[in-house]
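Chain nomenclature is as follows: A, B, C and D, assigned in order of appearance, with residue numbering initiated at 1 for each chain independently.
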Amino acid sequence: MPAIPTPSLSSITLAVNGHRVALEVPTHALLLDVLRDRLDLKGAKRSCDMQVCGACTVLVEGTPVSACSYLAVEADGREVLTVEGLGTPDALHPLQQAFVDHGAVQCGFCTSGMLLSAKALLDEQPRPTEADVLHHLRGNLCRCTGYRKIVDAILACAAGSATAA
Amino acid sequence: MRGGIGDGGVTRTRPFRVVGHSVRRLDAIDKVTGRARYVTDLAQPGMLYAALLRSPHAHARIRSIDVAAARAVPGVHAVVTSADLTWCDPYFGPAFRDRPILSIGVARYEGEPVAAVVAEDEGAGAEALDRIVVDYEPLPAVTTLEEALAPGATLVHTDEPLAGHFADLSTLKPIRGTNVCHQFHLTRGRGVAAFADADLTLEDRYYFPRVQHYSMEPHAAMAAWDEEDGLTVWASTQNPYSVRVELAKMFRVPLSRIRIIVPLLGGGFGGKTYAKLEPITSALARLVRRPVRLAISAQDAFRTVRRCDARVRVRLGLRRDGRLLAAECIADFDVGAYADIGPRIIQKGTYTATGPYRIPNVVLHSQAVYTNTTPGGAFRGFGVPQLAWAVESLLDDAARRLDRDPVDLRRQNLLAHGEEFEPGDTPVDGKFEESLNRAAEAIHWTQATAPDRGRGVAMMMKASIGPTVSEAMVRLHADGSATVLASTVEMGQGARTVLAQIAAEVLAISIERVSVATPDTSITPYDQTTSSSRSTTLMGRAVQEAAEDIREQLLRIAAKAIDAPPAELGLDDGHVVARGTRLAYPALLAERFGMSGGELIGRGIVAPGRSRAPLGGSTPFWEMAVGAVEVHVDEETGAVVVDEYVSVADVGRRINPQQCEGQDEGAVMQGLGHTLLEQMVYDGGQLLNANLVDYRVPRAEDLPGRIRCLFVENGDGAGPFGAKGAGEGSLIPVSPAIGNALARLTGVRFRELPLTPERVWRALRARSKP
Amino acid sequence: MHLAHEVLIEAAPETLWRLLWDVPRMAACIPGCGEAEEVTRHQTYRARMTQKIGPISLSVPLVVEIVAAEPPGRLILSAGGRDPVVGADIAIRVTLDCAPDGAGTRLHIGAEGQVLGKLGALGHAVIQRKAEETVDEFGRRLARAARS
Amino acid sequence: MLRPFALYRPTTLPELAELLRKYGDEAALYAGGTELLLLMKEGLVRPGVLVDLKRVAGLGELAASEGTVSIGATVQHLMVERSVAVRAHCPLVAGVARHVANARVRAAGTVGGNLAFADPHSDLATLFLVFDARVSLWSGEGEREVPLDEFVRGPYETVRRDDEVLTAVRIRPAPGEGAGAYLKFGVYERPTLGVAVVLVLDAERRRVSEARLALGCVGPRPQRLGHLERRLRGTPVDELAAGRTDLTGSGMDVISAATDLHGSADYKLEMAQVFIRRALRVAAARATRQVIDARYPHTVVV
């Protein structure tokens, strides 16, 4: 058996949900664990752990990443958005509101990742077609809703934001 | 929306205010803002992390386990094998207590926990797992039904199993010297003799695959013991009270000392019924005297529980005029290495094998068979999907042979509202014909399809659980707000919202004034289980009764206060009203207690008890659903495309229409999974695809071109306000509806799921050869 | 996992048998097999199997047992071991059948094996292919060694 | 969970070479981590040192011009998808990049990592073959360029030595008149097969003057189908557009398909033919500017 490796530490500074956070993390720490265990941001979830299901999706500089397979040190100096930063109960993000209104939430374990994936899509493509949404959601699994209401929520939100703009 | 409300002498018809409306889920805001908490989001001070070492062998004797090097890893608090668990009763299981906390002398499936590590962090735990050396002596393994049932087959269990704790399974029938752990048999009418009178007899065999629940949240548990030997477990379980009984037996602790708390579940689908990780987590916490959390990976969830695969032989006998005369179903269910709830699955699944049809002569025989694979347990549908795949497929073949329209043939044989399905059991409590007609109409059944399209239809009928018990309390607080105390687990289905709606309706307060407590066996009263689509009906009625109990108390207080007969009083918007007087609840409570601060407690108990129905208790309600589908096939590749799917469920009344739709849309998609995509693949005893790269669950792209979930609502359900259970039923017709559509389109009858492109391609190619 | 391979060896069955029965020498013909040594005369051996499957390196200390030896026609061996790092349990049973074919020998290599553990589950098809390549190469090397 | 390692982030190739020399076997090259971290989480690979390629000067360059597209090793799929230059000079490559795995993998995963890892289900390794791709391998000793066809030896195996780094891949888009298509089929997370086609027509736009075809995922490594390419020369393009190209005797038997979770060998070989015909149909339609309905179930058509 090889010897037990000694962890090396790295100092990183993240801009998480608009707040600057400086912390020292093991170099091998995954972003998901740093968010959940060090910053108490539990919204991102671990499920498949293989970049297939999308439950751990967060946005780094606006781009969706699998926090379960992304080194925390890679986010050093970058902006990280988790579901906690998307909106608050008193001021929901339009996507959060659309998910609530359309019944796109059941067990909720996929919801954070779904919302952030959807945000990344709409930021890139404000008026996606249904086909665009289905293509984009390839990396986000939901075992409860059957997807219909999630797709509807995203499409409604897209239309809504277009009207608002 | 109108309905009859109230009893106690006050029966009026008025619109529902809360029930029947798609009110927002109680947990919706928490879930979209990341505030919702699941077991793995919880921690305790001083908590340690557990990890499990699993057997790589499907079947092996364990000669020795060397844990010395593992114990030496810094940060490791304990390395545990079954040798360290002699202080407790190490076996558990709801039907048979056949499952050890950790392998005792023999491992019976690949992935069985053999040893456990408790460490400061996951890193130390992983290092320690690497250093445990197990000396295995591989044994021959049986990994299919065929192997397990062959004469002289290797036995998965050689000892007589210990009985579990369910009364309805008191007649467990293991057959010594075989892998059969339970059999179920039922004969109605003249049995097989009736086939002699049939004008048409058909027989066929069908196979249903091993599939995985893949709840997004893998199983997790956290346990802590206090100084008085009290145990608290935070668990991702669908039935805290069953877990409590298991733990009480294993650790010899009174029920009152065990507290099971259930935060939100990230999906359940049956996979979180009965004890899973709670025994090992509790044992480890006891050994290290610290709180311990065990969260398994999604890959290991595949090694924790799955749906029972099955092979089913069906024979149907019909009269020339289309009347069903006789049916025989012989089903073997593979329950894997440990029985879990398998024996009840084979009973329940087989009991309604013949579906919603009037068949005077029936023979049912099923058996639960051990194999060296992941234990098979409850999964949405509970044995019925396996049988419905067979019977509904053969029924379509019968229609073809009789040159009858399949919808028409079904309609002719449907059980009517109020008709007896089985002597002693609950009569049919819904309208199958209305559901079938709705489905046929929605899919344009009588209109011609495009030449490359095929349509199919299938039905199902499922019993819920009985005898059964649900108890609830409702507390009306001094300010007129209320708390519902119920142990129904929120796993995504929206039960907590429905219970709040029921309480709010009865108490005539807004739903914002109702809280629903987190299930906690030290606080929320007994409930048998959150499964079997039973919560709206049974817990819903318990909550309704508890709220009505409070209403009666309020009316009595008010009657006394204004000196009016209770019969003339009613509730309206947080007030008792009578003779032009409106008394707000807070004022009435202050009146009752002589000060501000006391509260009213309402109690509701629903316990239908035993009956002479074959399964020991009558079903509280029948779950009823129809599926209708239009498909096409890419003949060159065998890929099946679902163009349109219509699901119709008779739910009596929808308490929350949007949630009902959500349940059924999810059920249909999950059904499409095992119909078209999903299968756990074993090679020998080795599970080859225990991960999402190689095991394919439906994605958004797999949505049918159009999906509609419709409901029949006649207010005739056994639950509150005429509602009854939903959520499992709509999954069940998916496979046979698609199989029937394919048969009508291609002329090929498919008997084995999933209908992967290769399987369909192969069958189509065999057809086109002369 | 089942493998079958046939190779024509330019040596009489007896000559080939002498090579096979010198197990460490025969083991040297297996790609990736090293450190072969005899523990119990003509009964138990130790060896180390090293393989690279893409980025994954496997190093398995093997215990090899003679199951049957019927000179000069048949040799059956079993080998098993575990790589604790990769978490792979390996069990193989190899049957070598020699039949005269003209002046040479037709050697039939039959192998039945399992790679259990995480590696086995992640790369089943790849392992099968790797094993086939290994058996092919073993045949070639044996043929060369028997000639020399 | 990952096990501990040290992370080095060289900024120049010589620094990188020095690290590889120093740590040898213990080091693993790391860029997007989409494949490597997965194996590391499983404990199947346990490097003591990760050498991050993302800051090495020159490896992140993406250059496209008439006749050649050069993609640096650390360029992510997402950058390829969005690159205006790639879209202009080799739209098929940008299109396929949009369909690699999912959005998150595309954002992190790199083209170099995809090729160097040699996953048998890689889209790019198949697609690039029809563009005569060559990969650059750099080590302290010097640089060499290897045709992609020779670079990938089998599943997860390449000719890259441990001291070498894949720095870039260069592809030659088809001449201006060419039209291409890439089709991938399968129900699993990774494709069961991928077919890439490029057709160049004669001056009259009636017949095929050059055909390039590659098939991936079916055999142990992606392969150009030289025999079929030669046979297709001179074929009337309308015949291909009709989607009924006769493939008998086209040398498909050189492909050794394996039975695995994706399907039986015979099914895969049959599907290879189906999708070659379909890919030819799509490419032929594009070459002749016909609009066709090219939607197939469980299939991505680029």
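Rule of thumb we're sticking to: contacts are C-beta pairs under 8 Å (C-beta built on N, C-alpha and C of every residue); 3 or more make two chains touch, one makes a residue touch a chain.
Quick caveat: nothing in here was measured; it's all calculated off a predicted structure.
Set side by side, A-B and A-C show the greater C-beta contact count at A-B. Mean C-alpha positions place chain A and chain B at a centre distance of 30 Å. If each chain is reduced to the centroid of its CA atoms, chain A and chain C end up 50 Å from each other.
Here the CA centre of chain C is 35 Å from the CA centre of chain D.
Centre-to-centre separation of chain B and chain D, using mean CA positions: 44 Å. Counting partners per residue, chain B has 123, 127, 130-131, 688-689, 691-693 as the residues that reach two or more other chains. Each of the following residues of chain C touches two or more other chains: 84-85, 87, 124. Counting partner chains per residue, chain A has residues 1-2, 7, 49-50, 52, 138, 140 touching two or more of them.
Arrangement of the chains shown, judged by which pairs touch: all-to-all, with no pair of chains left without contact.
Residue ranges of chain B in contact with chain D, taken from their complex: 122-123, 126-127, 130, 634, 636-637, 639-641, 676-677, 681, 688-689, 692-694, 696, 756-758, 761-762. Chain A meets chain C in the complex at residues 1-2. On chain D, the positions that touch chain C within their shared complex are 28, 36, 39, 42-46, 117-118, 120, 154-157, 220, 258-261.
If you check the complex, the residues on chain B that touch chain C are 56-57, 110, 130-131, 133, 136, 138, 683-684, 686-691.
The touching residues of chain C, when paired with chain D in their complex, are 53-57, 85-87, 118-119, 122-126, 128-129.
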